[in-house]
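Okay, so chain A shows up in both of these, paired with chain B first and chain C after.
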Partner chain A sequence: MKAPDFSRWLDLEPYGIEASRKSALLAGALCELTRWHAAKCDAYRRIMAVQGIDSEAVLPLEQVPYLPVRLFKEFDLLSIDWSETYKTMTSSGTTGQQVSKIYLDRATASFQTKVLSRLMGRLLGKNRLPMLVVDSPGTVEDRSAYSARGAGLLGFSLYGQDVTYALNASMNLDLPAIEAFLDRHRDAPIFIFGFTFIMWLHWVLPLQQLGKILPIQSGILLHGGGWKKMHDQAVDDETFRMALQSCVGGLKIVNYYGMVEQTGALFLQCEEGWLHAPTYADVIIRDPYTFAVAEIGQEGIIEVLSIVPLSYPGHALLTEDLGILLGEDDCPCGRLGKYFQVIGRVPEAEVRGCSDTYEVRI
Partner chain B sequence: MQKGNPMTNREKYAAAFQTTLMVEEAKLSNLKYQDVSTWDSVGHMALIAALEATFGIELHIDDIIDFSSYAAGQAILAKYSIRMED
Partner chain C sequence: MKCVSDLPVEVLVGGRLSEIEAKPMQPYSYEAVAFLAELSQGLLANPAIRTYPDLVGFAYWCRKANLQRLARDWKSQRQRIGRGIAFHIAPGNVPVNFAFSLGIGLLAGNANIVRVSGKRHPQTSLICAEIDRIAKQLGHERVASMIRVILYPHDDAITAALSESCHARILWGGDTTIAHLRTLPVSPRCVDVVFADRYSLCVMDASAVLAAEKEAVEALAAGFYNDVFVLDQNACSSPYLVLWRGDAAEVDRAMLRFWGAVEHLLLSKPPSPVMHGLDKYAHLCRISVLLDSCVSVTRHQNLIYRVRLRELSSGIEHYKGRYGFFFEAVVKSVESLKTIVGERYQTVTCFGVDPEEIISLVVNMGWTGIDRVVPVGKALDIGVVWDGYNLIETLSRTVADC
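For the complex of A and B:
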């Protein structure tokens, strides 16, 4: 069986395909992936068989068989030979939690990066911008074993240049490094990246305490990795934005929703504050009791779909996050595709996410 | 280096690999990404930064991703009008 080749998808506009065409294209690709994984991954084939699912069937988007994301914690699910494994990604988790293991071959790893670069290109423009990482360089120091957090930082660093870490080893502001960086790029737009809770605790709060306003004229601040810790401290998106704006000035602030099980096709926040499904991915909100497709405006469990997972059967996953679909193709920001909001975790779900698993050690 | 005898592009290209990845010159021609422990994702970005500074260019993301060997890199740089002399 020939491996699916979705490279032509890279030529499509990231947010330019209207609903009817997108769902047909995406369903086609996802069904091809179901067939591929059923042929290549014994465990996946058995999961399909047990449920009486015909993995050869051509199905509409809502009927593409999905796996609970938790399965990647409990089992090694891969559609490649062990010898073809090029990189193993693990999810972030707090101590004692089991982590997901995602096996990548070279083709999948490179496709992930290329898909992400389409989205980052749309966000940052054609050129790689000077990049400030709100984290400690220690996170990526041990090159033989990165944490999920370190892998995330390195993955995003590809889209920046003169990558500079804003925090020192003890997670305090490295003001000389920050000021020297801003001095080097005085008039240029800059790209700031960090995980939400780390950015709040080690960047926003200390800057506010110092009463410091960084002289940044323009650029993008991208953050993600979960909101649970923020909500625990009663900080919502709006509060976070206001606080950020008060200490960094003229930046566009963008949140993302994504997970290690579907690296590449991220869901990025638009100017209206909503998360958008790009061409290569989609979301379906499901009723938590019946798993039927929820209506627009109805709260439910988020299922994520992506054409990127080739080396492991993760193209359709039921997450443990709750969300609300807000509409499709009609967001005032002008992007086509579904747009939605994440409202929290399914009760009793594990804590995860690069932001949410960050524990302060005193 | 003597005055009036500037480094060729090929020499500059090799020097960027040698200084960032600490690989001997003899091993360069067949070198591929992840052949040596220093050419991992961090080493890769250091190498790209060194090449960009050396040649005064800025590589596109896809080219950074496709820059998978010493040989492949030469073809990529050619797209930026950086040619290796024979």
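For the complex of A and C:
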């Protein structure tokens, strides 16, 4: 069986395909991926079979079979030979948690980079900007096994120059490094990248404590990653923005939604504050109780779709996040495609039943 | 044997730990029955308990008439006496279980130290408040002095100290808990009653389901709901497997009728947490990968998942689901159970199948599992005989004269 080749998709505008054309194109590509994974991945084939899904069928977008994202924590799911694995990505679980393992071959890794380049080009412009990474250099040092954080930092670092880490090995502000960096690029726009919670905890709060305002004239600050820890500290998008603005000055702040299980699908926030599905990916909000497609405005479970996952069956994933679809093709920002909002995680349910007498102390 | 000392625990009911009355009584003593009957009355008179069907169930269990019936059945064995102090570790997520455990400990004639879970269920407070009230009444001092309900976080030092000063331990909570608690020192004569991980199933006769009146099918669905959904299908006695007896065509029609009724009932209840649906879908994918005998799945929205098995294969219970996730298989006779039943099997709930038939299979064919066969709807009804133990006997001793 010949591997699907979607390289021509890169010629398409990241946010330039209107709904009717996009859904047909995307459904075609995703069904091709379903066929591919059913042929290549035994576990995937079995999951399809029990549900009576014909992997050869041409289905509309919303009927493309999806896997629960947590399956990647429990199984090694891959549609390539072990010998072809080139990179293994893992999610950044806290100690003791199972982590997702995502296996990429060269082709998938390279396609993923190209898709990301398309999106980042749209965001940052043609020229590479001086880049400040709000993290510690230690995060990327072990290159054999990429944690989601390390992989994210490395991936995004391709789009900057003079990449400088803003935190030292113990996750404290490296003020001399930051100040030297800002000195070197006094009048140029800069690109700042980091994970939301790390940026909050190790950058915004310490800067505020020091009463320090960094002299940054212009540029873009991109941040992403889970909001769970932020919500635990009662910090929402607005609070975060205000706090950032108070200590770094004139930056355009952009949030993104994405996950290691589907790195090709990166949903960037627009000027209106909404997350946008690019041409190469999509989002479907599903009714939390029936999994039927939810209406615009109805809160539901987020499913993410992407044409990138070729080496593992992750082209359609049911996440454990809740979101709301806000519309399609009609965001005032001008981008075509679906735009949505993430509400948070599906709450953990307490299990009733008789087998947990002696709670383990955490 | 060490005396009970005062330990750093929160005492929810009763005085100081060191002042517990350790002197045992005869099983079904007048005092214990009177105390529990009073507890039943007090609870049933409290309108606040109506929101908790499990609490109502407990209150019904310990009402006077039921206890007197149990005592009558016991009559023949007069030369018995409680063991002394029973130390109970109650499960965290079955709120009223501690009360059953305590009640049975009292009926067997013991003093009871009951450790409840740190999760403060409203049912726990309601029961404790009622026990407190009765304890202050004239005539109930003796039994009151035999009760301590305590709370402490996971702490081996406390658990060990209590284990060394008791005559019996009643350990709920499954294999992991038991394995851990068995590593702690206990007094030499201490008897352990342990409730390990168990699995349960349901057997239905297709023609009986088809022949039943509409109301009877609704009642069957309601019973099944109680067996399964009240404790998230996570109780040892909740069925993970539904076995259908009959020919294929009949079974198909019976399934449609039965599951239709269960779905209808579920739709009338408040929605369950969203995570339950995600869990079931993930579990479906998981077992599709792991289990060869899965043939197909029937989903009733995300409320019920039913996975059809090609055949019953041993070890299938390890793949049990939760929140309304069932395996199903069609059999010609209940004897087919022999391929799966091992010591891990506890309760069989049945409809249209004679319990005697199953009991005689267990006894005559020497099966190592199944210690309870009850009608659908009774899966969670705890009693003095549970998990293969006659708890009153196990928690008391015989004074022999020969």
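Quick note on the criterion: the second predicted complex is superposed on the first by the 343 of 362 C-alpha atoms of A that agree within 3 Å, B and C clash if a C-alpha of one lies under 4 Å from a C-alpha of the other, contacts with A are read in each partner's own complex, and residues count from 1 in each chain.
The criterion applied here is as follows: a contact is a pair of C-beta atoms (placed from the backbone, for glycine too) under 8 Å apart; a residue touches a chain by one contact, two chains touch by 3 or more.
Not measured: the values here are computed from a predicted model.
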{"item": "First (chain B), second (chain C), both or neither touched by A:S110", "value": "first"}
{"item": "First (chain B), second (chain C), both or neither touched by A:D237", "value": "neither"}
{"item": "Contacts of A:E74 with chain B and chain C, given as first, second, both or neither", "value": "second"}
{"item": "Superposed model, chain A: greater residue contact from chain B or chain C", "value": "C"}
{"item": "Partner chain in contact with A:E348 - chain B first, chain C second, else both or neither", "value": "second"}
{"item": "Touching partner for A:M120 - first (chain B), second (chain C), both, neither", "value": "first"}
{"item": "Touching partner for A:S157 - first (chain B), second (chain C), both, neither", "value": "first"}
{"item": "Chain B versus chain C as contact partner of A:P288, first or second or both or neither", "value": "second"}
{"item": "Contacts of A:D329 with chain B and chain C, given as first, second, both or neither", "value": "neither"}
{"item": "Shared chain A contacts, counted only where both chain B and chain C touch the same residue", "value": "none"}
{"item": "Residues of chain A defined as touching chain B within the complex", "value": "110, 113-114, 117, 120-121, 127-128, 140, 143, 154, 157-159, 161-163"}
{"item": "Residues of chain A defined as touching chain C within the complex", "value": "43, 46-47, 49-52, 67-68, 70-71, 74-75, 288-291, 301, 318, 320, 322, 346-361"}
{"item": "Residues on chain C engaged by chain A in the complex (per definition of touch)", "value": "89-94, 97, 117-119, 153-154, 171-177, 180-181, 195, 197, 230-236, 238, 271-279, 281-282, 284-289, 294-297, 301-302, 307, 322"}
{"item": "Chain A-touching residues of chain B, taken from the complex the two chains share", "value": "37, 40-42, 45, 49, 52, 58, 61-62, 64-66"}
